[in-house]
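Presented below are the structures under discussion, each in the form of structure tokens.
Consider the two complexes below, in which chain A is the common component and chain B and chain C are the respective partners.
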Partner chain A sequence: MKSKFLPFSIFIIFFVIFIIFYKGLQDTNIYTPDVKINNEIPSYSAELFYSGKIVNSSEIFDLNKYYLLNIWSSWCVPCRQEHSILIDLANNKNLKLIGINYKDKKENAKKFLEELGNPYEKIIFDKDGTSAIEWGAYGVPETFLIYDNRIIKKYIGPLNKHSVKEVKLLMK
Partner chain B sequence: MKILKFFFIFYFIFSFNYSNADNEDIKIKITKNLRCLICQGQSVYDSDSEFANSLKVLVDKKLEEGFSEKQIYSFFKDKYGEWILYDPGLNKNTYILWLLPILMFLIGGAIIFKSFIIRK
Partner chain C sequence: MLYSVIGYYSLILGLCFSLILIYFSIINFRNSKILDTKILSFTFLQFFFVIISFLCLVLSFVFSDFSNETVFNNSHTTKPLFYKIAGTWGNHEGSLLLWLFVLTLFILIFFLRSKNQPIKYKILTLVFQQIIIIGFFVFLIMTSNPFNYIYPTPEEGLGLNPILQDPALVIHPPILYLGYVGSSIIFSSVLAATTLNMISKNWASHIKKWVLISWFFLTIGILLGSIWAYYELGWGGFWFWDPVENVSLMPWLALTTLLHCILVLEKKLILTSWVIILSITTFLLSMSGTFLVRSGILNSVHTFASDPQRGLFILIFLFSLIFLSLFIFFFFHKNNENNLSSFFWLSKETAIIINNWFMMYFLSVVLIGTIYPIFLDVLSSQKISVGPPFYHKLIIPFLIPFLLIMAIGPKLKWIRSNLENKIYLISLLVISILLSYLIVKNFEYNFLINSILISSALYLFFMNLRDFFIQKYQNISQNISHFGFSLLILSILFNNLFSTEVITNLKVGETFESSKTKIIFENVSQRTGKNYESIIGNFSIQNSKGKVENFLPELRIYNQPNIVTSEADIKTTLISDKFIVINLVQNQDYFNIRYQVKPFMIWIWLSVVLISFGGLISLLKKKYEK
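Entry: the complex of A and B
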């Protein structure tokens, strides 16, 4: 009895370990933060880009309106790519665009907007990158769709045709 | 008297040192327990990426605002999920992680007990 029990238990242990490793093999090891939907927008003091005024971030957003918050920077190449998409979206009357200028120099950011156009109604100047963290972002570009002070959708990376369609669908 | 003076100065210097170092120590401890999300396998403390540097600044800010260590962890957990903590709490996703070593220890102990002590 005992001589049968030992090989059997060893077999079971190795089998379990094999299954765990085999499953782990198929998981990606690239982690993206949980997309927390219906999260309330953060409240912190933010500096406005042009006026330099300090406002509370939640004051920028009104209830019952759709906002697209876009984190961008003049040094970020994908931001340049998605900029034309943002300008198209800014033509939409029901949607207001808010920018977060991430770790940028003001002169460079101004040049960027002069060159490519300014789709943003307001821009938050995020010199040290803490603003982006308050939003749960981890790089540029990132875009959030906000309604009623809640984040209803989050896009990591540049927007594309597909995400624009989705934004328009969500706004209906 | 001289010795007393000496001790006083000694004490003064060291107390000064401690009051300043306190926040720094906590900051290091916190940033070592936060995972840098864009540079996998490194803590925020070890990393020099844009993301990690911003996180360090924010930890500093929160400490100045009077946040406790636990509050800072829950702040980041709220934003980025459990994954950002190197030391995850006990919940339904992590109970195997926490209980398996204890279980293995107990099973191992039982085997040793059975094969050595009972045989004697």
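Entry: the complex of A and C
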């Protein structure tokens, strides 16, 4: 009895793993927007990166303007990858970039920006990751397109050519 | 155009031979005498067609035949010839064709090299191997045909990603594949041997060659990838715990464990279950690596193109193999080994079993770190990323006992042993502890864990060093590999502890000065390469002793596709690497400079070479000694 139980349970375990991977494949497309879109942006007090001033997060965003909120960190490798895309996007006059520096050391983050350039108009310093939670973020990097204090679109993972095109399309 | 047609039909013919081979083997399995030559010739023909197909793809790349979709997507007329050829396996379709090529090559070699084995065993191995080969053929033809055709023919191709245009990366995939595919032979052979219940000392010494070959190539393949990451990605690191790196590390861990087990099996006929499970695991881990990387379920530099359909195919294929091997293991494996309890607790066997459990622990840490994010995502749609701190926290504490056991284990004898030369053992330990205390204290890195880690690594180092003098040429391969491993751990530790870094922004003509270094940015020059323009910075750097060196880091702006890469300038000496890399800062007239002094960098590479060299010696030697 015992000898049959072991193979059987191992078969079951692998079967479960199979199901999980199968489901994982179904939503491979990790760039799809979450349900959270079209929600109002959260309002909470946040610390600005350079000045250290405490502001209300919703004050940062004006109505009738497009904002790209990017959650990044110096320790995050994909952030490095997408940074050149952000720099290009920052040249766009109709779009303002706001950064949230996520669970980072200020010193490292500064080095990161010195090295790769600073595309952000303002940066919120999110030392303990609570800011990112307010936004409903999963991790870094993550990017939100915001208009009229609403989240229009959310990108999980690094931006790529495809998502940039989409951002430009949504702004028209 | 012509090449694409020939290539495509060769593939289909190759697939036909697989089916013929399986058919023949099954109907003639009982009187298998006649089959031997027939099977050999069919295997050869299959290999021949795959090589034709592969050459066709190479030629399409060489002649920039843009009517072929793969060539169009990955090549460009201005690319140097060397990289045109390398472009063949620098993409999803081509690299799969390379897999197939190596698969058919290895089964052919297997046949030629194992004349003395029983015919039934050879045929059964072939059948299992053909199942894998068919899987790859179908995958290639159905979902990722390298000979897809575009009309109208484009004038120009899209180009190969410049960071892949690098000599180390040209040979990295083929070498790594030799390792992966070598494990497929082990897999098929172990399944065949289990089915026929012929796992024996003889079988162990026969398959040991294949274990050593794949282990050797896998080690070198990982090393090359790591060297590439070091000087091309420009971060000055060599291992990032990226999922793709992990995916190559996992089979390596399993294979290394298997190597130790098989040596025991060859001597003592114990640990058969270990050997079977590890052989299966090694190959399946290589396959899951392919699945994880190619399906787009993970995100990484190596993800060529993510296509759920491909992912689904590999997933089903992978799990069919898993279920097949589980089935064979549970229904055919009879445990007819010597009684396990017949050895004393202090013996070589125990040491190897402990080694196995440690390796399994490291393997599971890496495995969990790699796939847990996927599980979490599916089960609770949370997304997390697992980084280096996770691996360091879980692995480093266990490295200490692992190193100590590695130092003592090989000194033990089979079955029952006493520790001889206790004075030596203890005095070396004391020396190591004192030395590491001095090192850590002198440099003000007074962390307890570091000193313990360094002392255990030093201990292993001294023990092996001593063996070189005492044991003469006995067991030289193991000694070299273990010595290499201790050297590796030591160099990684020193490298981590004593690296220094300067990050600053400089304009041309400016000087940066700190207490230890003085960096002068002399001037900037330009150069034109075949498919890129480059900006070269000229720096002279003075160290604390007043010695001045010249550095020429480079920024390359590739034209097709338009990508900027930074080529670090690295001055390597036996003691340390000096590494400088520059980056453009958008809309500014200064450059970002990163200057690192990394001690013992070259020893990391050399020690891995030593490790694999040990394996090579063991392969070339006739017999494994006591």
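The definition used in the following text is that the second predicted complex is superposed on the first by the 138 of 172 C-alpha atoms of A that agree within 3 Å, B and C clash if a C-alpha of one lies under 4 Å from a C-alpha of the other, contacts with A are read in each partner's own complex, and residues count from 1 in each chain.
What we mean here is this: contacts are C-beta pairs under 8 Å (C-beta built on N, C-alpha and C of every residue); 3 or more make two chains touch, one makes a residue touch a chain.
Every value quoted in this text rests on a predicted model; they were computed, and no experiment measured them.
Trainee: Check whether A:K103 is in contact with chain B, with chain C, with both or with neither, and answer first, second, both or neither.
Mentor: In the superposed model, A:K103 contacts chain B only, not chain C.
Trainee: Looking at A:P78, would you say it contacts chain B, chain C, both, or neither? Reply first, second, both or neither.
Mentor: second
Trainee: Examine A:V16 and indicate which partner it touches, taking first as chain B and second as chain C; both and neither are also allowed.
Mentor: Neither partner.
Trainee: In the superposed arrangement, does A:T130 touch chain B (first), chain C (second), both or neither?
Mentor: First partner only, chain B.
Trainee: Let me test your reading of the model: by the given contact rule, A:G117 touches which partner, first (chain B), second (chain C), both or neither?
Mentor: Touch status of A:G117: second partner only.
Trainee: Between chain B and chain C, which makes contact with more of the residues in chain A?
Mentor: Between chain B and chain C, the winner on chain A residue contacts is C.
Trainee: Report for A:L170: first if it touches chain B alone, second if chain C alone, otherwise both or neither.
Mentor: neither
Trainee: Considering each complex separately, which residues of chain A are in contact with chain B in the first and with chain C in the second?
Mentor: Shared contact residues on chain A: 29-30, 138-139.
Trainee: Chain B touches which residues of chain A in the complex?
Mentor: 29-31, 33-34, 36, 103, 128-130, 132-136, 138-139
Trainee: Could you list, by residue number, the parts of chain C that touch chain A in their complex?
Mentor: Per the touch definition, chain C meets chain A at residues 240, 242, 291, 295-297, 299, 306, 308, 311-312, 315, 319, 322-323, 326, 330, 374-375, 377-379, 382-385, 387, 503, 505, 583, 585-588, 592, 594.
Trainee: Across the complex, what residues on chain B touch chain A?
Mentor: Where chain B meets chain A, its residues are 37-38, 40, 50-51, 53-55, 57-58, 61, 79-81, 83-84.
Trainee: Of all residues in chain A, which touch chain C in the complex?
Mentor: 6-7, 10-11, 14, 18, 20-30, 75-78, 87, 111, 114-117, 119, 138-140, 156-158
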